[in-house]
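Following this message is one structure expressed as structure tokens.
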Amino acid sequence: MINKVVENAEVAVRNIKDYNVIMLGGFGLCGIPENCITAILKLGVKGLTCISNNAGVDDFGIGLLLQTRQVDKMISSYVGENAEFERQLLAGELQVELLPQGTLAERIRAGGAGIPAFFTPAGVGTEVGQGKEVRTFNGKDYLLEFWLKADFSLVKAWKGDTAGNLIFKGTARNFNPMMATAGNITIAEVEELVPEGSLDPNQIHTPGIYVQKIFQGTNYEKRIEQYTTSS
Amino acid sequence: MALDKIGIAKRIAQEIQTGWYINLGIGIPTLVANYLPEAVEVVLQSENGLLGIGPFPGKNEVDPDLINAGKQTITMLNGSSLFSSAESFGMIRGEHINLTILGAMEVSENGDIANWKIPGKMVKGMGGAMDLVASAKNIIVAMQHVSRSGDSKLLKECTLPITGLRCVKKIVTDLAVLEISPGEGFRLLERAPGISVEEIKHATAGKILVTGDVPEMTIN
Amino acid sequence: MINKVVENAEVAVRNIKDYNVIMLGGFGLCGIPENCITAILKLGVKGLTCISNNAGVDDFGIGLLLQTRQVDKMISSYVGENAEFERQLLAGELQVELLPQGTLAERIRAGGAGIPAFFTPAGVGTEVGQGKEVRTFNGKDYLLEFWLKADFSLVKAWKGDTAGNLIFKGTARNFNPMMATAGNITIAEVEELVPEGSLDPNQIHTPGIYVQKIFQGTNYEKRIEQYTTSS
Amino acid sequence: MALDKIGIAKRIAQEIQTGWYINLGIGIPTLVANYLPEAVEVVLQSENGLLGIGPFPGKNEVDPDLINAGKQTITMLNGSSLFSSAESFGMIRGEHINLTILGAMEVSENGDIANWKIPGKMVKGMGGAMDLVASAKNIIVAMQHVSRSGDSKLLKECTLPITGLRCVKKIVTDLAVLEISPGEGFRLLERAPGISVEEIKHATAGKILVTGDVPEMTIN
């Protein structure tokens, strides 16, 4: 099958350019493409538009790219807990577009699935609905929302094979599968890269067709935001 | 005496019926899970991609790849399932969730809710709240009846940016249980132990409907 | 967890009424709810609208319900190879609505996911597009299509647990997962019913929330339409 | 001499580049898989939910739960993946498939295709064809140049109900290889061995463009 393996994160991200639109998987710090973020820091591209449910914390995840001022715009649903983010936003240095989480997820899914627009009830009558087309179906109002696509999608999976097939683990799946479908180039970093034929075809979460580059990630920190135990 | 957070959670727990799938917001709603009667069999959804939230993990079970929507480490139950955010909000928008419990900064007498933004202060974002309130068949709000500065949070109209229109069904506060009676106002259903109807009326800025004797809540 | 198990197919389908809209999973004869179809034959309800990619063959699958004249209308994408179907269609005894296969799949997915309408390029400029709203996005024309829902969805899975979680096998998955989400009542028949906790949560194709009734199927025939071997 | 079905399949196989994901229609298109050069690495999609179609199974490997879109029993390859019909057509509509090869009853000189219905005769349905032709970046049609009754299938305008508008890129028939030159007509690229330009012109009802010497196909 077609082999998608590249050597490492630096090689994988090297075609990202200034002002590109990039999607980054993850919910909070769970399931984020840690290696790709580090490689983008090193690459030094500027003016990025980042589509990601959250914006990381001050010193981890997308927060690192905010510190280096590589991001011009964030499209997210929740950006709490990030002081540098707040500073840049209030200083007018960062554009922010906030979307309902389900609308964000569905717009990305639509981008990958060739659906240019769809109707959703989320945000009707709110700031989110301002300027958007409203239509009534069965007596309920819905907003017209458009697909989202990216120049590059950066996703993190648990296991992946050389053909680009991916399996996620736990709630680290979150936005990764949709983003994998919506990138012009999708780069997958995986905790365990295995030969094709090692994964059960029936258990693949993201078919390899969506993935252009895959590499074995290293040194995963997997930082926990709210360490909570029963005892 | 006004209820504490645990009291509010315990009262909401009484609303829950066996067989329901439920989404619990951050804060008091999360506490509700601790006070469900043994016989009530429900499934809790976490909108980041899990059905069947279990208890918090033991120290040796903590898994950074398994968190709830509040980013807390959690566990799964037998019969749990994992899925993507698109599938998760498909479940929510498709009205497969029977009950949503969430906090609010303001609720209006027609059931509007505001809970995502305070202009001029930091905007953290709406997360999944707008999807949840736009879709849920049954929404219970858990909140304090008045703000820290003493203002009523039950208003004729919301003053903060709206999260969703005409969606709240019931409100459980530290003082009362009320339901939205569309076109009429807040219908007072129960009083917190020792709280008078007059005290509740005084704390409610929106129109409040009181019919006959209003019973006191029973909280175990 | 909530237990969805019912005794058998007869018990599962007994609330289906005359003139109900039912979805039936499967592609050709692969992954069809064989036990439910037999139970509906026995139940004898009439006037059904059946949403299914295909209409079975003369003497198997939905073809059986056509023989007994229990079906008033079919919504499908491909209905070849069924002489009784052809006879009823030409005699005006059966209404047929043909849809592009992807449109059918997406309309069902939309029904389950609370998306009342979406735009798709399939069928623009064809009979399928007649009377439908056309809109141009980025220079390409798209049709507005609406969600599909059903009173009952009948799906067939490989394994299922008592909580209603389902895993499909091979290409028998096809339309089953979306239909499971779009039925007011979804009935799942499975080859192997296992206790909750037996299936890996990470490998579930259909979460139990979508399934109202589940039962252990029996005597699967799994008829092959085009038996083709290399030798 | 006009090509037979295998000849058409062999000629189309030459169009295929390594790294492509391809959807093959029923009939001649399915045969193309048999004539791909060894060095060309492609992945075949079956729209009922499989990437990585393998050879037909041995008699002991037949699995009724594993079929292609033509309902034939098949096998999988190492690296295959399975998915739902919604995901499959998401792949197709989202233009993740590099090439679609399908049969046709008629093609017009602007690239319209008709292949799903003959009014008055049985309608079998369009299956996935309308989604495929509305979305594919690259569509090659495999068909006979003229119908059994001797009528050209390459027309100024289609007479049968349309499957898709202005979508066909290239046509490989028993007589010729042609590409659609938008706004101009069918551009003749290659002749079948021993077939003259005149014969092809005669068999083509739509406008045909011939520039310079038209080479003969090379088929191994």
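Note that the chains are named A, B, C and D in the order they appear, and that numbering of residues resets to 1 at the start of each chain.
Just so we're on the same page, contacts are C-beta pairs under 8 Å (C-beta built on N, C-alpha and C of every residue); 3 or more make two chains touch, one makes a residue touch a chain.
Keep in mind that this is a model prediction, so the values were computed, not measured.
*Asks:* How short can a path of touching chains from subunit B to subunit C be, counted in steps?
*Replies:* The fewest touching-chain steps linking subunit B to subunit C number 1.
*Asks:* From the mean C-alpha coordinate of subunit A to that of subunit C, what's the distance rounded to whole Å?
*Replies:* Chain centres of subunit A and subunit C, defined by C-alpha means, are spaced 33 Å apart.
*Asks:* Using Cα averages as centroids, what's the distance between subunit C and subunit D in whole Å?
*Replies:* 29
*Asks:* Per the centroid of Cα atoms for each chain, what is the distance between subunit B and subunit D, given in Å?
*Replies:* Taking the average C-alpha coordinate of subunit B and of subunit D, the gap between them is 56 Å.
*Asks:* Subunit D: which residues touch two or more other chains?
*Replies:* Residue numbers touching two or more other chains: 50, 82-83, 89-90, 92-93, 135.
*Asks:* Of all residues in subunit C, which are in touch with two or more distinct other chains?
*Replies:* 106, 109, 113-115, 120-121, 169-170, 202
*Asks:* Taking chains as nodes and touches as edges, what kind of graph is this: line, ring, star, complete or other?
*Replies:* other
*Asks:* Please list each pair of chains that are touching.
*Replies:* Touching chain pairs, listed by label, come out as A-B, A-C, A-D, B-C, C-D.
*Asks:* For a test of understanding, state which residues of subunit B touch subunit A in their complex under the given definition.
*Replies:* 46-50, 55-59, 62-74, 82-86, 88-90, 92-93, 112, 117, 122-131, 134-135, 161-165
*Asks:* Sort out for me which residues of subunit C touch subunit B in the complex.
*Replies:* Listed in rising order, the residues are 1-3, 109, 111-115, 161-163, 165, 181, 195-197, 201-202, 204, 207-210.
*Asks:* Which residues of subunit B touch subunit C once you look at their complex with the stated criterion?
*Replies:* Per the stated touch rule, the residues are 18-19, 21, 41-43, 45, 50-52, 76-83, 87, 89-97, 135.
*Asks:* Along subunit A, where are the residues that touch subunit B in the complex?
*Replies:* Touch list, subunit A to subunit B: 27-31, 53, 76-81, 86, 89, 96, 98, 100-106, 108-109, 120-128, 158, 169-178, 205, 222-231.
*Asks:* State the interface residues of subunit C toward subunit A in the complex, per the touch definition above.
*Replies:* Interface residues on subunit C, with respect to subunit A: 106, 110, 113-121, 135, 137-138, 140, 142, 146, 167-170, 202-203.
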